[in-house]
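Below are two complexes that have chain A in common, paired first with chain B and then with chain C.
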Partner chain A sequence: MAKARLSQEGVVFALAVALFVVFAATLNNFLTAGNLIALVRSVSILGILGLGMGLVVIGRGIDLAMVATMVVSLSWVLSMAQAGMPFDTALVYGALLALAIGLASGILIAYADIPAIFTTLAMGLVMYGSGRAFLFQIDVQNSPGGVDWFDFLGRGAFLGLPMPIVAFAVLAALVALVLMRTRFGRFVYAAGDNALAARITGLPLRPLIVAQYVISALIAFLAGVVMAAAVSGMSTRVYNSTMIYDVLLVVVLGGISLSGGRGSVRNVLVGTLLVGVLLNGMTILDITYTTQNLIKSLILLLAITVDSFINPRDEQTSQQSQGDI
Partner chain B sequence: MKFRTILAAGLMALGLAGAAHADDGLDNPSRNPFYDGLKGKRVVFIPLAMGFDLTEGWAAIMRKQAADLGYTLEIRDPNWSTDAGTRALTALIAEKPDLIIAHNPDVQSYARLLKRAMDAGIKVIQLNLESVVPTDAYVGADWSRVGYIEADALVKQCGTGSGKSGKIAIIRGQPTAASDLYELYAYKQTFAKDPAIKIVSEQAAQYDPAKARAIMETVLQQHPDLCGVVGNWDNQDVGAGAAIQAAGKANDVYVVTSGGGNQIGCDNIQKGLLDLIISYDVPLQGNAINQQIVQTLLSPAKAGESKTSYYTPLTLLTKDNIGPRTCWSLDQLK
Partner chain C sequence: MNPLVQLRGVSKDFRGVLAISDVNLDVRPGEIHAILGENGAGKSTLMKVLAGVYQPSSGEMVLDGKPTVFNSPSDALAHGVAMVFQETNLVPAMSVAQNIYLGDEKLFNRLRGLNIQAQRYLLSLNFYVDPTSQVSTLGAGKKQMVEIARAVHHHARLIIFDEPTATLTPEEKFHFFNLARRLKEQGIAIIFISHALEEALYLSDRITVMRDAKVVATDDTRNFDRDRIVQAMVGRSLSGELYAGDKRKARPMGKKILSVENLSMGNTVRNTSFSVFAGQVTGMFGLVGAGRTETMKIVAGVLKRDYFHGGTVRFEDRPVRYRTPRPAVRDGIVYVTEDRKIEGFFETMTIASNVQLGALATGANPLTVVTPRNARELATAWTKRLGVKAIDADARVIELSGGNQQKVVLSKALIQKPKLVVLDEPTRGVDVGTIVEIHNFINELADSGMAVVVISSYLPEILALSDRILVARQGRVVEEMDIAEATESRIMYAAVH
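And then the complex of A and B:
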């Protein structure tokens, strides 16, 4: 990019900076270390989920089952731990469950050619339903006490940063590494940009798609571990909240195009930052709940509109069998 | 001689039999109408969702009595979806059960349907969360009173003469629910009377402890001298308590909330996450709703003809008065 072109990421970043400056100038105590840490901490789980979603969206998919995967696998882990199973063993089972969910979604999407948006939407419902029916009875599961590393993950700090932020940073670095430095990462971009061309070139397209959903499910599981540690429990009601849309907001707002093939971890970070600044500022300004939702959804609408202008539909790719999501 | 003895013995036996007959007691004549009036009746409960302390507690108590008295209790679980609840209600109006017990997600959504159900001859009891339409009965907390008690407790802690900042944060639940609206009115009325009280934040956490925690973290950054927090539900406000504890201010910020008096709430008081819970005592409410179910089913009045309310008693739980048996657990009720 030799010319300074108006990219969505740039717009959003500028918007985040502008909001930041306005809040810093007008709100007392906004620009304190404590508030900034609280700001990032409050969106770190959203950010972790955004990393998984970002990867799938770059590969021209979408994973609406992420929140369900997170909620069900972790609630199961916690309820097994409460029933007396060693916590580490329970975690292994939880990870296997998440893996199975990702595998199932991926296989349905890659091999049965069912559109990702419907597959994952249904998968989320199926998992949540079977979780409530078979895996746990009470909708809020408490964390077991006395697991040191788990307590540290929730309440500890590294170099003054709360662990959820550290976890977000480490995962972001890992995903960035995978996307930019590995063959798998490049393949994801290629498949996302033009799946047919990628397949003709000889990429193992279907296994590639399956792998994306497995990774996003595992990231959802990790987000769940961090969340359960941070709030010392897991509430299955999170599934009924607007969280999955907030995750999409982070990704799309950051500038990862829904038509695939574009974007990087940096976009997720920028999107997370803007949502964080926005939420923090609105809470400080004490804006009412309904107005907050309105502002959030208007911004999402704006971001999607901008996205379709900056990344216009491509004649070639929009005629693929899967079409746009 | 022999004949006489036999006769005497016979008479004695008869007498004994007669006496025994008199000692058989009476068949209570009002008993049969009671049981017959209940047998085979169909009661349907629409909770906000199953799987949390309040609804599981009520359901356990209601199920027991239903099995005892021979009426059926079905539960249609909308799982926090107002939409699903509305559909369940619409379906029920066509199915015509004898009694619907509704736990309203907000004051409006079910209101019209509950009225339609009564017009169709189905009796309706509202449980703990009312709608704007009064039905055959309401059994549950008096949310305004809960609000006044909560607000008074905070004024005592933070108001004029306390020597504290007087800054108070309100954490709302679902901003359209009866509990939320009625409590908020009581808070505002009470706080307005004391010039020392300043409401510095009024945010909704939608029953989610993680959200309550995030809100409280931000508010504490903004107002490090915060004096008190009043919240909508203990299961949610425990998140705010966690944020306060993490900031090392557990002794400076007084957290008041309300809840069903579940053991987890008591544990959270012990852990210092919450300071005062106004408990509406789910086991007590369960008994009250059971009594109301029987009364409504047996009443000759038509659906919607007579309207009553019973506000269940409230208990104040603090660190000083909770013992090992103050709070309840689900296993006890089952």
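And then the complex of A and C:
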């Protein structure tokens, strides 16, 4: 099984490279500077969201409220900034809102034992609805001009790399460090692998679950900051798009198992690469939006099916053969 | 009378471990047949072979004089063999009538017609259950009736019960006895597994006793008495070889580290009181349903005792009530599970990571830096001490043998430096060589001054390890004895009702 998992990562990476080469050779507009920048930009936001989702999925959860958190917190920040509040202050409020959303989801999941998939699905809807009702009125919020670091984050470059990708890289390194090298990170893996064993071993299981959703909400907020900087605004249409499924696709296709405890930031990286190239190529090929969605959804379905074959979520299958004597 | 079902030399093994070995058994039409034996003697497996849940590895089953193989429980039912499990197989949200005719529905069902049909049918069996009531609202006794009705409806000639009276109240038990007799009058054979000797002696026509995967005695009930049954259940040939018979001297009692007073939890732990001392191995023996695991899980914070009239637990003279295992672990109480696969180890992780998690769990700061190297250093120290054999240190725990997995779980627990360690069935699913190693290790722990509680369903293990023995029955500790005065029969007497 160890081999199967290793090769899954390799296969995904090879696929991404192959797809990139094919697109570069066959599509005229693929290898242009303008397109590559667009690719990188879309990829980095997907990737940042994928980091948060990946962390939660490793802990055997799922956060479907990430895109809602991103859209609502950033739309609110921008509308407050438009109304004259200093941008930095508005950002602090936005971060606090994201934190509150993560805290609410986490507490419901950890202490009320509601399945994560339903909690976060409903939480996303609630936040989007109340955002539209109370926090901002128009669909598209524009970024305020004249904030230097914000403009640099959107359009600047560091060592020739566009800033969004730098932000993604820095966050990826940070999340990888937390997952691999801190007590908290090891606890996330343990809880995802076997929550009952984690509890008996003396891990603080419930606070741990809450922390995961708080982190994923804060990462969603950061993704929103990068997005708002890169496209100079935030549109509520993002919430109604298929973005959350793209994020799931990144995570599952990259090889983080929905059965928990398996995977790492490396999987998010290769998943991001493949999904990014795929989406960009399909757009240049002028495949209609509907067909694109169909293709993505079929790949997602396939990836989940393969995952549940390689990493069965339920241990019962293996127990049946053992029997009780 | 020709037997209804005969088993000839039937064996069943699970990955090389024999659960039943060379069993011969015949069941006559219209008899009530009790199957007795210790936990793990192979009773349940035998019944599941009869009911088609498992297929025998060797030997044959003869039904009505013809060799037959049941491929599934529904296949067995088609041949007239039904099994009523401990957990009922009814659909809770459906009515009694719907459950009886489940799988038998016509394309269009008239609910009223179905209810009338069920009513007539239940009355014909003398079962007083309302066919329209929802199954989830029924008590255990009535649920059992519905299961029996369903079996009889499918023309069962043999009904197998797995501990039918375990969940029943005394009145319901009495009613069950009457039901069994009525079925018998209709020529239906009944087999039941029981831990209650009196029940078996009272109800059955014949008794079969199993021990260590084999049938050791089958005879008419009138030829049995309590003594003979207990003798058959415990008299082991194997015990002499593995567990040295010489009486050890008990270690002296250390400080009283744990005292439990009037502890209660629901129906499983009933007002139990006992103490545990440092520097000793305290053995806890009991049959299924004695509440040993639950009691110790409450002590270790894995389960919570009743809020009202739940009793008190004192650890080091301080009253404690843990809501989760975490504070218990940090205070020095560690519980090592009987089911390591479900709640013992982290299967996708390496041995080193598993052991390291034990050490990490006792600390608080979430941002403490850990490195693969300190995991490996920690792990090698412990795996060396316990002698875990693995192909390489990076092997995943799931790939290890049962004995080595158990050692990893032990290392993970002991790295937490407990003052009181509870080992629940520490040698279950472990090979013979490793059993000896684990026993030696348990002795070392007690010698070093730790308080060790060993829960075991295997009498020779209890006798080989314990300095003091607690015997539990029906949710409470009923007897306490020193190793010097303990014998197999005395313990078994205390453990059966």
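Brief remarks follow.
Operating definition for what follows: the second predicted complex is superposed on the first by the 292 of 325 C-alpha atoms of A that agree within 3 Å, B and C clash if a C-alpha of one lies under 4 Å from a C-alpha of the other, contacts with A are read in each partner's own complex, and residues count from 1 in each chain.
Operating definition for what follows: contacts are C-beta pairs under 8 Å (C-beta built on N, C-alpha and C of every residue); 3 or more make two chains touch, one makes a residue touch a chain.
Treat the numbers as computed from the prediction; the structure is a model and nothing was measured.
In the overlay built on the shared chain, the residue A:P115 is in contact with neither chain B nor chain C. Judged by the touch definition given at the top, the superposed model places A:L196 against chain C, while chain B stays out of reach. By the touch criterion defined above, A:T182 lies against chain C but remains apart from chain B after alignment on the C-alpha atoms of chain A. In the superposition on chain A, A:G156 makes contact with neither chain B nor chain C.
Of the two partner chains placed by the overlay, only chain B lies in contact with A:T32; chain C stays clear of it. In the superposed model, A:G10 lies in contact with neither chain B nor chain C.
No residue of chain A contacts both chain B in one complex and chain C in the other. Taken in their complex, chain A has these residues touching chain B: 27-29, 32, 34-35, 38-39, 41-42, 132, 137-140, 142, 155, 227, 230-233, 235-238, 240-241, 279-280, 283-284, 286, 288-290. Residues of chain B that touch chain A in their complex: 49, 51-52, 56, 79-81, 172, 175, 200-204, 206-210, 213-215, 217-219, 221-222, 235, 239, 242, 246, 264.
Looking at the complex, you find that chain C touches chain A at residues 14-15, 17, 19, 40, 42, 44-45, 48, 54, 213, 300, 302, 324-326, 328-330, 334-335, 337, 341-349, 353, 356-358, 360-363, 365-371, 396, 412-413, 416.
Chain A makes touch with chain C in their complex at residues 1-2, 181-187, 189-190, 193-194, 196-206, 211, 261-262, 315, 319, 321-325.
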